[in-house]
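There are two complexes below, and they share chain A, which is joined by chain B in the first and by chain C in the second.
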Partner chain A sequence: MSKEFKTLPTPPRLPTRRARILLGILLAAVLAFVGLDLSLFDLVPSGGGLELAGKFFSAAFQPAWQYQDASNLPADISPFLLQVGRGLWTTLTYAVAAISLSIVGGMVLGLLASASFWERRSGTWGVVRWSVRVLIAAMRSIHEILFAVVFLATLGITPAAAVLAIAIPYTGTLAKVFSEMLDESPRAAADALAYLGATPLQVFFLGRLPNAIPDIAAYSFYRFECAVRSSAVLGFFGFTTIGLYLRQSFENLHYREVWTYLYALILVVALLEVWSSQLRRKFVA
Partner chain B sequence: MLRGLNLEVGCGERVALLGPSGAGKTTLLRVINGVIVPRSGSVEVQGVNLRNLEPRAQRQLRSRIGFVHQDHSLVSNLRVLHNVVAGRLGQRGFWSSLRGIVRTSQADLLEVHRILERVGIGDKLYQRTDSLSGGQQQRVALARALFQQPKMLLADEPVASVDPTRSRDLLSLMTELAAEEGWTLVVSLHDFELAREFFPRVIGLRHGTVFFDGLAADLTPLMVAELYSLEGTADEQRI
Partner chain C sequence: MSIQSAQLARIKTLHRTRPRSLLVRWSVCLALVGTVVVWFATDIDLAEMFSSKRLGHLERFLQEDLMPKNLRGDAFAWGGMWQWCVAQFQLNGARAMLATLCISVLAIVLAAVAGALLGAFGARNLMSAHPFLPHATVGHGDCSHWLDRVAQGTRILCILLRAVPEYIWAYLFLAMLGNSAWPAVLALALHNSGILGRLAGETIENLPAKPLRALSMAGASRKDVALVGVFPMALGRYLLYFFYRFETCVREATVLGMLGVVSLGYYVVEARAHGQYSTMLFLIFLGGLLVMLADIVSDIARRWLHKGI
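Let's look at the complex of A and B:
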């Protein structure tokens, strides 16, 4: 018996590394709060702010069905609910256009950035892979709003400007995630194809890619939802998405209209979520 | 890992490789199809010396050698049909093989169906591969090899993930097909009984060298016990 105790393996050393990392994160958070001079009292609004907040949130219970102030409207304006529908429609079309471009671009760049695509090829191709990775990093390090500001200045308020502003960073994000999904897809089947004489290109497209497709499709759909939100936000810069009308109503203090726009947006995103989860179940099952 | 091997396998011969894990069975199979090139010595398969083969010539050779793995060798979310069509990747160009998956030709379709009927799963033609049982998936792997039309079939523990009764069926199918098609068959196995039942010749590997090479009938239980015994170096036990 005592012999067994003697042969008990020594436990691993205390996980100091993990503790150090956690402590580091905590320290960073504290420094951020101190650096920003944040205090919890800032969260309590001042007198006027409190009143405004009250007005805004009470309007949530009575969203508008028509314009709140009919006296001051331009003559040619369409009925309120039509305006909401039109805003949603442009929001969706911009998002669809942007995500379509991004999926195509993301697939091409994602393939080129993945390690599995260059497997079984000479190491000099690594130059291409790393250049693509740098390009991808550059594309997604700039937010779509910054791109929108740039394209507004160069192209003006055109659909192309909005679509490009969303498509560029989204292409970068999709490419990065696609390349990771491709590299994580199981390799045993691909190896088996190489064993029966397939070329590296065949091995990749017929052995590796098919297994990554369900994940790629699911993630693309999630990014489409994000694109809808981005498209809505671009309205704040004057593009004719729902954000434009939302900002106008907000500036006119028509909070009930604001809530109608918000509910409409929530409804659309919720419907997309239902649709995408159905698709996901079909794909992954 | 493999040392001092001097083996010759004749055309159309059926050989079982036996030996404990880490003895070099898988390595030997990979040497035969050119995935691993030995540091010294020479390997000749179907009249081709495997040393310094151009990638193209290497693929050509591999397209004439079927390979059945232990498991996970099929693309799980493709249909059975497409996994079988993949058997001819080595003989087809990129676009033609892509078309084979997107729009399978009538000729391919009929041939694949005939092959699936032969391996006993004709009704699974359009099923997703991962909906099949382990034994059925190995039949798909066999069907892929049949569609490939190789001269030789290598199989690495093809029944290790299949239950005992089905392993018998699968091995008997495999040896029947080898006889029909005139394949040279080299199969690594764990189970000595199965080897004796289906293979006239057995090669026992241990420590990467040949421990036994001869008729299965000449292999005595004592020799098998010795082949698998863990006595000897600590090195072997760690493997």
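Let's look at the complex of A and C:
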């Protein structure tokens, strides 16, 4: 009798798998905190740091429109706002140059790394695909700043070094994401072409690639935004992007100038973001 | 009229009436023009980079600087090289890798907590006057409710947070907080909370509305809906984003050490300052290894999640 009334197991409040992941993540954070030997007291700036923080953040409300200290400027220096504009312009040009290289490289490597490109071909081509994937992973795994440091050590400082330093890891990232997008794009058109007797190349370039183009374009634009940020940071290593001027102003304790550079960078990135989200709405939806 | 020409005409009309957008067209034009200008009208010159003077530099670097000091002059010796690598790894490499990993783990968890809050307060549907209720039942004209202002402000805050690169955040914090791992952790956490906040907000806005509306109509408060409905429904996707950002965090953490925090980047800069280029390259290689490992871990975690959602 009692066997007929089997009690159902109580449903878990969270699917156990996710609960376990959450617990694991929290545990990892605690371990990291202990491992880094951190103390919460260090989070509060003290002494000179506190004073500096006060000065720095109060400067946020009055960004500079001209050089803060006009007394010891080099004679041939351009007006402050022009300097800001120049920093932004170099930042943008490096980013455009780098992303244009990366999109071309990323497309080629992305095609070769995708499963859909090698469909309907013999399995021995898998060797090519996997070696390209390893190459992509290697390119991606090293940060653009590290590439920049290596180029500075080997070739010296030149704009092309900054461009290449950004372009190499970005090519890897774009290639990886492009290949995933190609493989996830709808395959109905490709199959129809294949049934009609199209060659594998025709199937891929007419049936598969066009479906992925909107996603590819949207992602490329997003990476361009990232490239602008990376290019700005490379200024800290001596390239003439906005990071260079920001660093100089900070080291001279001209915090109001620092905020002008920060606001300029934020404005450009925010504008790019609005533009890209508008485009994505047109494209992808 | 033959069937074929009728079909051709049909294809032509389809082509003529395809969806077109001025914005897309102008953006493409601008991108092309910009690329041409950048390559032909600025001082960016890839050929100059490989001019004979610079190649001379490179040659000396490859022939002399690259080999570890004590191995120089020998023919290439694999055994000696291996021993050298092991020694380097034990000297600083292992410690630096562990520190890099710890910084990125702590930072991404802080960012995830902050990002979840930012996302919830920035989501238009959760922060409307009557969350998830259809307009017909509550009437219109509520669009300037103060909650909408809060949501708008939160979204702008997210933009500010993520527009400033990690490296610049860390540089600023380092001057204020002095030398500990906090500047790097905070910098990574701030930038990523801006990104995760936006992604969380989008996730919440794209949730299926019906179950949440049911909760709301049954009398659940905004807090109840958020904790009982939104959180479990959005968690899976949020975790996917979490692991995706974790990967980039590890990548950035290697570099933030260059400012003086003891992650890999610190030892890279130090090796470069002492002219130990072989050590520098080995440490960069270790960084690459760590990033690839994080990549694989995050990939496995995401795949595991995908199956469970």
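The rule is simple: the second predicted complex is superposed on the first by the 261 of 285 C-alpha atoms of A that agree within 3 Å, B and C clash if a C-alpha of one lies under 4 Å from a C-alpha of the other, contacts with A are read in each partner's own complex, and residues count from 1 in each chain.
Basically, contacts are C-beta pairs under 8 Å (C-beta built on N, C-alpha and C of every residue); 3 or more make two chains touch, one makes a residue touch a chain.
Bear in mind the structure is a predicted one, so any value in this text is a computation, not a measurement.
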{"item": "Superposed partners chain B and chain C on chain A - clash or fit", "value": "clash"}
{"item": "Touching partner for A:Ala189 - first (chain B), second (chain C), both, neither", "value": "first"}
{"item": "Most chain A residues touched (candidates chain B, chain C)", "value": "C"}
{"item": "First, second, both or neither for A:Leu246, with chain B first and chain C second", "value": "second"}
{"item": "Partner chain(s) touched by A:Ala32 [first = chain B, second = chain C, both, neither]", "value": "second"}
{"item": "First (chain B), second (chain C), both or neither touched by A:Pro159", "value": "second"}
{"item": "Touching partner for A:Pro210 - first (chain B), second (chain C), both, neither", "value": "first"}
{"item": "Partner chain in contact with A:Ala64 - chain B first, chain C second, else both or neither", "value": "neither"}
{"item": "Chain C region in steric overlap with chain B, selected from 4-12, 130-138 or 238-246", "value": "4-12"}
{"item": "Residues of chain A that touch chain C when the two form their complex", "value": "14-15, 17-18, 21, 25-26, 28-29, 31-33, 35-39, 42-43, 45, 49-50, 52-53, 56, 93-94, 96-97, 100, 137-138, 140-143, 145-146, 149-150, 153-156, 158-161, 163-164, 229-230, 232-233, 236, 243, 246-247, 250, 262, 265-266, 269-270, 273, 275, 278-279, 282-283"}
{"item": "Residues of chain C that touch chain A when the two form their complex", "value": "21, 23-24, 27, 34-35, 38-39, 42-46, 48-49, 54, 57-58, 61, 65, 98-99, 101-103, 105-106, 109-110, 112, 159-160, 163-165, 167-168, 171-172, 175-178, 180-182, 185-186, 232, 235-236, 239, 242, 251-252, 254-255, 258, 265, 268-269, 272, 277, 280-281, 284, 287-289, 291-292, 295, 301, 304-305, 308"}
{"item": "Residue ranges of chain A touching chain B (in the complex, touch as defined)", "value": "186, 188-189, 191-199, 201-202, 205-207, 210-211, 213-214"}
{"item": "Of chain B, residues touching chain A in the complex", "value": "33, 35, 59-67, 69, 71-78, 86-87, 89-91, 94, 97-98, 101, 144, 148"}
